[in-house]
Every structure is written in structure tokens, then in C-alpha cells.
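Got a structure here, written out as C-alpha cells. Questions coming.
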Amino acid sequence: MSTASAKERLLDVSRCTIRFGGLTAVSELDFAVKEGELVGLIGPNGAGKTTVFNLITGVYQPTEGAIQFNSRSLGNLKPHQITARGVARTFQNIRLFPSLSVFDNVRAAIQLHRRHGIVHALWRGGSFKQEEREVEAEALDLLKIFGLDRFRDEASKSLPYGDQRRLEIVRALATKPRLLLLDEPAAGMNPTEKAELTSLIKFVQERFRIAVLLVEHDMQVVMGICQRIAVLDYGVKIAEGTPDEIRRNPKVIEAYLGEPD
Amino acid sequence: MFYIQQLINGLALGSIYALIALGYTMVYGVLRFINFAHSDILMVGAFAAFFLAPGIQGVFGPESIPGALLVFLFSALICALLGVLIEMLAYRPLRNRPKLTVLITAIGVSLFLEFTCQHKGVFGSNTRPFPTLIPAQELHFGELVVSSNDLVVLVVTLLLLAALRFIVQRTKIGTAMRAVSFNPQAAALMGININHVISFTFALGSALAAIAGIFYAMRSPGIEPLMGIQPGLRAFIAAVVGGIGNLPGAALGGIVLGVIEAIAGGLPGVSNYRDGIAFAILILILLFRPAGLLGKFQAEKV
Amino acid sequence: MDRGAKRWLLAAALAVAVVSLFAGQFNRYYLGVTIDIGINIIMAVSLNLINGHTGQFSLGHAGFMAVGGYTAAKLSLLFGAQIPPGAAPIFFAVILLAGGLVAALSGLAVGVPSLRLKGDYLAIVTLGFGEIIRVIFQTTESLGGATGLTGLERYTNLAWAFVLAALTVYVVSCLVNSTYGRGFIAVHDDEVAASAMGINPTKYKVVAFVIGAFFAGIAGGLYAHHKLVLKPDGFDFMRSIEFVVMVILGGMGKTAGVILAAVILTVLPEFLRGFADYRMIIYSLLIIILMMARPQGLFAGWKTGRKQAAPTS
């Protein structure tokens, strides 16, 4: 990544540190994602992976350092503003909108790029109807791509677990991101589901031509698809490289398996 | 001089608020909801004293100290019982329901107590003069005039605060209360009987409310079934101002509120707005310290 | 509430207008209660936008009602005498609107700073706001002080109350049942997830507060010109609680349920009038029993879940 020029970097995290009271959760993290790249961020439990997500998406502000997206600083932006800039995410513990249907979960996300507001919703004129039709078509297209359209009017919380995970990805894609952050999408999945998920992520990256940053501690998933992997341990980046390089890196082995005898 | 005089008045009033606020905050600590009926418990406490006083004073003589102590004790017992009963009948069946459901039920219980007590077969809605329990004297310190009752209120409050602190920090049941407040599930797994702890909390809070209710009645022109609403609301604000769930916070909030109210009440032009001042303070404090003075703000985990 | 929404609104307004032609035959007592129902529907449905759909917890709705009521009442006392009888409806519409707008402004003033707070804390701040409003009215001599404003003209009738109730229902339903409006429910369900989807929770909450307050203000104006007296203690915190109970019994966020609950809770105390002394005791017991037996609202289970509005097709 040191070879990537500033221009190629879609996301650029530079020397980011965040402390909670006395605890330094992430320390001087340097990290970048290029346009259209599929990058993995791995590390043992408690290494600070989700905290990195929360920094990028504006849930937390870094104590030190800066984060740039598309060459513009994300400093002091609220989460919804960052989403509007083109960063979407999923959550480790699925956070769908439980009282909305599958369709409406997607619809709620689509409204980000729609002009119509209160007045149109009240007047219900021709252009409002036109736009609602477009929104419906767009949401249904997305649901179809992921085979979720048959659940269209189901309550989102009644979906099987794997489908809820997929719906969360669909919902994130509905905000038209250029960078998709996936927070442990394989958590709680069996090997078959994991294999499906792996191909799904690859598919998303290629079909929507977006960059994907994947937080995982399941090595199999990450090694299988990521072009580049960064390893976090105790909030510090201890390694970065291709899957092969990471697999052979003694520091990584140590972090995962403990001290070699 | 004016300010010192009002400060003393405010301390006494604030002590009463503090005693009531402790009940709100303790219940919030273990059950995470605002017990709206708490303000009516203090009214029941005052009425209990009203009905007990003649009999007890008949035995111990009017305005005697042992008599007054017994009145306080029995009223506190009656209210403790009432508090436990309310929890068992109205709140326990809703233990695992959404907080909002319990909150509305609490409002229902509060209304039920108020309307029942207003019924002519119960207390009726007329204001009745409250009997003198303790001989009151005016003490003069230079230009300052201090009612001996105010001093009694202050001293009793301090004693009760110390006792409460001892119970919560040093006794087994107090430790259990703190455990339940921290994490009810984990506490239950450690073999703590949650129902006992909650009942005890209600008993304790209601007993304090009874005592506060009697003190409040002693300062008021008389007692009536809706007398609990205003001090209840103030105390509830005090609990929030101090950081709800936090015992020292509730005491501090009560005192702060009482003092500010007394001072504002003495200023011409401001005194008309007395009832609004408590809320204005509340809103200001919450805007700058969303978790109250001594509360810790907990960010949601993402 | 999809394709025919506007048509339904027109139909409802027409029906009300026809019924109100015969209002003269109504017993005055029943007429009064019916108008109360209309006003309470406006209050409950507008509060439902805040507490039900958007998931906030306002305990100060009576405060907004008071702001609107006092604004409209003061205007009608000041200018009502100069208005020729023919122009009275227009004048009434104008002062109702003024009341609604002032209430909306106060909704903005309360909403913006206090929306940093959540749950119980927000409830307490809104409760405090309602009380402060009441105290201000109580101490302002030009607004009648504790005795309030009297001698108001009887402008409110069945048609006004129900046409405006229909309008409130229309506005709230249309707003929520649109792509834009899914944002309210998203904020209700999960603020963190909503903001990660590009939804600005603060904006939605403020919009809910402002629109909710606007209609509460209009209801206040109707109320003032229905009761003809406006007293500050008519808007205490108990009043706010009444509306909250309507929303909860109706089943938070379910418009039809909330309307029914508003009707029932307005009529119920009237039915209990026969029991005079026991009336309010029974009322409070009913609240407790209903919360135990039907916490999801009186009508939970009649229809499954929240209405999954299909978009226009």
C-alpha cells in the first residue's frame, strides 16, 4: 500500500489513535483502501477491529490522526453524513429495523439519495408517485439480486439468520456506497453458509464495483477472498500484506496462537 | 443576610426533597423505571401520621418526643408495607415487559391512590390541619430566625442518609441491591433472590417517603390527598438532576433544588415563577450534563 | 393509506360536513362530547407521530396544546369583535393556524436542544417544558393569570373538529407511509443503524416534534373555542398523561388503534358519570388492568403488526 499514491486511495486512515479514558483501543493506525479493492482487517478478539469501523463511520472521533475518504477529511462528520459520502456498513450483531418489512428496510436506506421530502409525501402528486415507483423498482431489483424478493413483505426479524445478514448487506448497498464495511459477516455461520458468504462478498465487490473492507476473525473467509490483509493486535497494526505473506508472518502466528515455545 | 436565611430554609426543604428523591432513585436503580406512585406514598405517610397521632399522643402526652418517634415509626412501617404491596401487585407481574408499560402502570397506580384517597369514604378531598407532633420553637441567631423543626428535619435527614449509606455499602442486603442494580441476571445467577431485594428496596424507599411526607405536612398549612404531587415532582427532578440511580446524587439534587427554590421564592418578581424554576434547572443541567450531576453517561455500544 | 389517500380525506371531510348539518338536532351534551372526541383524536394522533412512530417519549403534549390554545384565544379576544360574522370562519381558520404555528415554533425550541436526551430523560424534560409553559401562563396577567381567558366566541363546531381531525390523520399517515417517512420508523427501531443508513436521526426527531406540536396547537385553538374558557391548570401534566395513555392503549404507532383509543378514553369517563364518586377510581384501575392484560394496546392482534404500506403502484 505504500506504493499507492494518494490519488488511488479511496479511504486513507493516517496515524489514528483513540483512547477511552486510560485505554488505548487503537494506536497510530495507518491504513488505506484503494478504489474497488477487497481488503481484510483481522485480529484476535478485542484487537480493536470494530473500533476501527466505528472511527471510519463517525460513531467515534479519533483522539489523534485523520481519516480521509475520497481525498476529503471525515473529521467531525456525523455517521449519516459519512454514509452520504459513500461509506456504508453492516453490524457485528445484526441491526435491521425490526418493525419494518424486508422491503421497507431497503426503502428506508434508499431515501438517502432521493429528493422528495415532507411536502411531496403530503401532496402525493404525480412526481411523488413517479419517484415512489422508482424507489420500489430499485429496492426490488436489489432484493432480487440477493434472492430476497420472495420475503418482500415479511417482517425482517422473522427471516432466517443467514438471510438477515444478507438483508443487512442489501440495505447497506441501497445507500449506493463506494466503500462497504462488513463487520464479522461470518459470525455464527456454519461452514456451508461461510462458503456461500465468501462468494457473495466477492460477487458484491465485482457486481457493484465497490471497495470492501472486511472485519473478520474467521481466517478462512478472509484468506479466500481478500487481496490484501491488515492484522490488528491490541490496537496496533502488526502486519499487512497478501494472504500468503500474512499466513507466513511469525508475528501474526504469535498473535493468534500465543508465544511459540 | 437574606441569602443565609433562605439558605437555611432551603436546606430544610431540600432535605425533604432528598429523602423522597432517594426512593425514586433506589427503585430506578433496581428496576429501571420511574415509580410515579412514590409521590402518593408520601401523602399516605402524612395521613397515617394524622390518624395515628391522636391515639399515640393520648398515651405519651401531646408533643412528646417518644410519641413523635412512634408516629414516625408506625407511619414508615405502614408505607413500607404499602410500597411492597404495590410492587407485588402492580409491578411484579410486569417485570419483563417494556419499561413504558410499567411506567404507565405506575401512573395508573398513582392516579388510583389519589382518587381513592379523595373519595369521601376514605380521606375526602378537603384540606385538614396537621397535628403538632414536635413542639416547635423559633430560634434567633442575631437577625436569623430558624425554626427548631427545620433543624430536626436537617438532623434526621443526615442520620437517615448515614444509615442508608451503611445499609447499602456494608450490609448483605445492600450489597445484593447494588448487585441487582448493576446486573439483575448476573445477580440472580449468583443466588440472589431478586424479588426479596426489590421488595426491600420498595420498603426502604417508601419508609423514607413516609418520613419526608410527615416533615412536609408539618411545614404545610394542612394535608390533602393531592399533597404529594408537588414535592414528589420536585424530588423526582432532584433524582434526575443528581443522576438517577445514584444515591448521593439524589441527596445532592434534593438539597440543590430546595436551596435554589427557597432563594428564588424570596426574590420579588421571580417568586411567581417558583413552580417553573425547578424544571428550568432540570432542563439546564440535563442539557449540559445529560446524565445528571453525579451520573455517568453511558454511550451505547455499537 | 396509498392511492386513494386524498380521496379518503375528501370523503371524510364531506361526511363530517353532512353530519354537522344535523348537529342542531343533537343533544348539546352529546354534541360537546363528540367535539371533545375530535379534539382528542388530533392530540392523540399527533402525539403518536412523536411517541409511536418516531419512538421518542414526550410527556409535554398538553404544553403544546396550551401554547396553541392561548395564542388562538388571545387573538380572538383581541380582534374577534371587529370581524364581521360572515368572515368568522376565515378568521377562525387564521387564528387556529397561528396557534398551530406558534406551537410548532415552541416544538422546535424544545426539540432541538432536548433531543440529545433519550428515553426517560427526554420524557422528564418534555414534562418540565409543559410545566414551565403552564407556570408562565399562570403568572402572565395579560393572559388572565390563574383565572385564565374567558368570554371566548363559540367558533368550534363538529365540522371544524372532525375536518381537522381527518386532516391530522391524513398528514401523519401520509408522512409515515412514504419512502421519506420510513425514516421515522427506522429512527424508532434503531438510531445507530438508521444513521449508518444515511438517515439523520436528529432531523427526523425535530420534524416529528414540530409537526406533532403544530397539530397539538391547532387542537388547543379548537379546545379554547369549544370550552370558551382557557385555564392554565387545564394543561397540567395529568393532561399530557391522558394523551400518552391514548397512544399506548391504541398501540404505539398504529393510527387506527390510537384513534379508537382516543374515542374510548373520551367517552369512558362520561359513561362512568353515573358512578360519580367512583368514576376516576375506576378509570385509574382500568389503566392498570389494561396495561397488564393488553400492553401492546387494546387492539393488538386484531391485525398483525404494523401496517406494511405498499407504495403507490
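Labels for the chains are A, B and C, by order of writing; each one numbers its residues from 1.
To be clear about the criterion, contacts are C-beta pairs under 8 Å (C-beta built on N, C-alpha and C of every residue); 3 or more make two chains touch, one makes a residue touch a chain.
Keep in mind that what you see is a predicted model, and the values were worked out from it rather than measured.
Student: I'd like the most central chain, judged by C-alpha centroids against the all-protein C-alpha centroid.
Tutor: That would be C.
Student: Name the chain whose C-alpha centroid is farthest from the C-alpha centroid of chain B.
Tutor: Comparing chain centres, A lies farthest from chain B.
Student: At what distance in angstrom does the C-alpha mean of chain C lie from that of chain B?
Tutor: 33
Student: If you average the Cα atoms of chain A and of chain B to get two centres, how far apart are those centres in Å?
Tutor: 50
Student: If you average the CA atoms of chain A and of chain C, how many Å lie between those two points?
Tutor: For chain A versus chain C, the centre distance works out to 41 Å.
Student: Can you list the chain C residues in contact with two or more other chains?
Tutor: Residue numbers touching two or more other chains: 192.
Student: Multi-chain contacts in chain A: which residues touch at least two other chains?
Tutor: If we look for residues of chain A contacting two or more partner chains, we find 59, 91.
Student: I need the residues of chain B touching at least two other chains; which ones are they?
Tutor: 302
Student: Any idea which chain C residues touch chain B in the complex?
Tutor: The touching residues are 57, 113-114, 116-117, 119-121, 124-125, 127-129, 131-132, 135-136, 138-139, 192, 237, 241, 244-245, 248, 252, 277-278, 280-281, 283-285, 287-288, 291-292, 295.
Student: Which of the residues in chain A come into contact with chain C in the complex?
Tutor: Where chain A meets chain C, its residues are 57, 59, 78-80, 83-84, 88-89, 91, 95-101, 103-104, 107-112, 114, 116-118, 120-122, 124, 128-129, 131-133, 135-136, 153, 155, 171-172, 174-175.
Student: Given the complex with chain C, which residues does chain B contribute to the contact?
Tutor: Of all residues in chain B, those touching chain C are 33-34, 90, 93-94, 97-102, 104-105, 107-109, 111-112, 114-116, 118-121, 233, 236-237, 240, 244, 272-273, 275-276, 279-280, 282-283, 286-287, 290, 300, 302.
Student: Looking at the complex, which residues from chain C come into contact with chain A?
Tutor: Its residues touching chain A are 5-6, 171, 174-175, 178-183, 185-186, 188-190, 192-201, 207, 253, 305-306, 308-309, 311-313.
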